Amino acid sequence: MRAELELAVRYYETDQMGIVHHSNYIRYFECGRSDMMAKYGLPIERIEAEGVMLPVVAVECRYRKSAVMGDTVRIVSRIDKVPLAKLVVRNEVYNQRGELLADGSVTLGFIDAETRHPVRCPEKLAAVIRASMETDGKDTDSTVGKNI
Amino acid sequence: MRAELELAVRYYETDQMGIVHHSNYIRYFECGRSDMMAKYGLPIERIEAEGVMLPVVAVECRYRKSAVMGDTVRIVSRIDKVPLAKLVVRNEVYNQRGELLADGSVTLGFIDAETRHPVRCPEKLAAVIRASMETDGKDTDSTVGKNI
Amino acid sequence: MRAELELAVRYYETDQMGIVHHSNYIRYFECGRSDMMAKYGLPIERIEAEGVMLPVVAVECRYRKSAVMGDTVRIVSRIDKVPLAKLVVRNEVYNQRGELLADGSVTLGFIDAETRHPVRCPEKLAAVIRASMETDGKDTDSTVGKNI
Amino acid sequence: MRAELELAVRYYETDQMGIVHHSNYIRYFECGRSDMMAKYGLPIERIEAEGVMLPVVAVECRYRKSAVMGDTVRIVSRIDKVPLAKLVVRNEVYNQRGELLADGSVTLGFIDAETRHPVRCPEKLAAVIRASMETDGKDTDSTVGKNI
């Protein structure tokens, strides 16, 4: 499963160093994975509506270059493994010149929205990821969609 | 009803002009009113837990001077009228030298958390505001509380 | 001068009421006007690079309906008057069903980036706004551009 | 070098899961280290004013439990090594019941504010860290300061 999302840097994302504040890359990662899930037909808010929430259990990010106002970042998101108890999403963020700005990963858990106890990955989500892996192997062009 | 809250400016709140981004004052207003409600014994999250949410229906803010990193802002919040369908909170934000940075007001509605339909101000909240007005008339020192 | 920008709601923009936090509309307004200036060939960061900053001096916003995760908001921005000392931008935010979510205005000042003293609107910006008004009168279709 | 900072959870920091959004812990880490530097007499904005900026080059964070509205988080920040080219700050975030919510680390680089090229850790900062290590060894009570 893989998707790309382009986002214009927002003024409020900059800090007094004149660059995008580092915390916003963690948010870019989130934008990327929300968009990826929506493109594969299973938006995160639908999984939530069906009673499972996906809290983040770990993040890591390495910062290579800075984004500045006027830049458009391209966020690549990727899931390489069908999850059991944890879902790992890998992300890279590039600028409009193709330079790598940051990369990292986010690990999500699954909890029951009512009891807040850990649960297994919903079968619907596992199925979508499994299916995407078969498709991705055959048709890598399928991964670039319409972004807003 | 009146309260004061002091907050240190946070680095991520600054923007590339080197000042606190204007949107954060709307957030300071919210910090001020959350803190005020908690000091008067009725935190907003308790009102929510009892089934009434307070969405913002209008904000206005005038910016006088900028806050910068290293500043501590003092947020004054005030409710002057027992609400019926709408609650108006007035705010001023000062820096550590007592200079007025921004002032404005926030109007909140009341909605039922389940139906999302408008409701009247919960009697518990109206009572706390009414009581505070009687107290405030007699003892203006009661308004400055412990802040974090 | 008028422009439209579409943005997908981001998960981190939601709050525990399950709706986009009200402060984010002030940020949407900013995204809208940054995008408008860029579309008219004069990005705000270029004005800044030439020595003039545009701090916000007032905002007002009325909230009509909530945006939720999964929504795409359409931000309309409009400048109706060539500015002298202040620039007023009017904004409306709609959802994907064309429902008005919020509307308001933002007033910006002009200050010298070095001295931080108020200055007049840079002639380059006044010229772009003046030109857009003549064009807008004749060709209203020119206002919808490419968005990301 | 070690410091603690207590912060009340802010409503806008919550998300539609009803918990503090994970990106805010990265911001809590920043609040903690800004506060620590200020308590040790060398605020980050002073280092910047003297021509050296400290961009973040890596973050990692593990999330253990959620913070919710009404909670007060306690952020522990620690520097264990005098930096050469990189500064590593370790952080833990606890709630008011002493439960560990999150822990992680942030690595910062040093760049010249003008040229944006990497530089060594400013001697003034190295000296403060070195001195703190000697003091910390003798007097562990010195680490808890006044917080806002």
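Every chain is named by a letter (A, B, C and D) in the order it is written, and numbering of its residues begins at 1.
Keep in mind that, in the parts below, a contact is a pair of C-beta atoms (placed from the backbone, for glycine too) under 8 Å apart; a residue touches a chain by one contact, two chains touch by 3 or more.
Keep in mind the model is a prediction, meaning the values are calculated, not measured.
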Chain pair with more C-beta contacts, A-B versus B-C: B-C
Farthest-lying chain, centroid of Cα atoms versus that of chain C: D
Rounded Å distance between chain B and chain C, as computed from the means of their C-alpha atoms: 26
Chain centre separation in whole Å, for chain B relative to chain A (CA means): 34
In chain C, residues with contacts to at least two other chains: 11-12, 16, 19, 23, 27, 30, 45, 69
Chain A-facing residues of chain B, complex: 11-12, 14-16, 18-19, 21, 23, 69
Of all residues in chain C, those that touch chain B in their complex: 16-17, 19, 22-24, 26-27, 30, 45, 48, 53, 55-63, 66
Contact footprint of chain D on chain B as seen in their complex: 6-8, 10-12, 27, 30-31, 34-35, 38, 43-45, 68-70, 72, 147-148
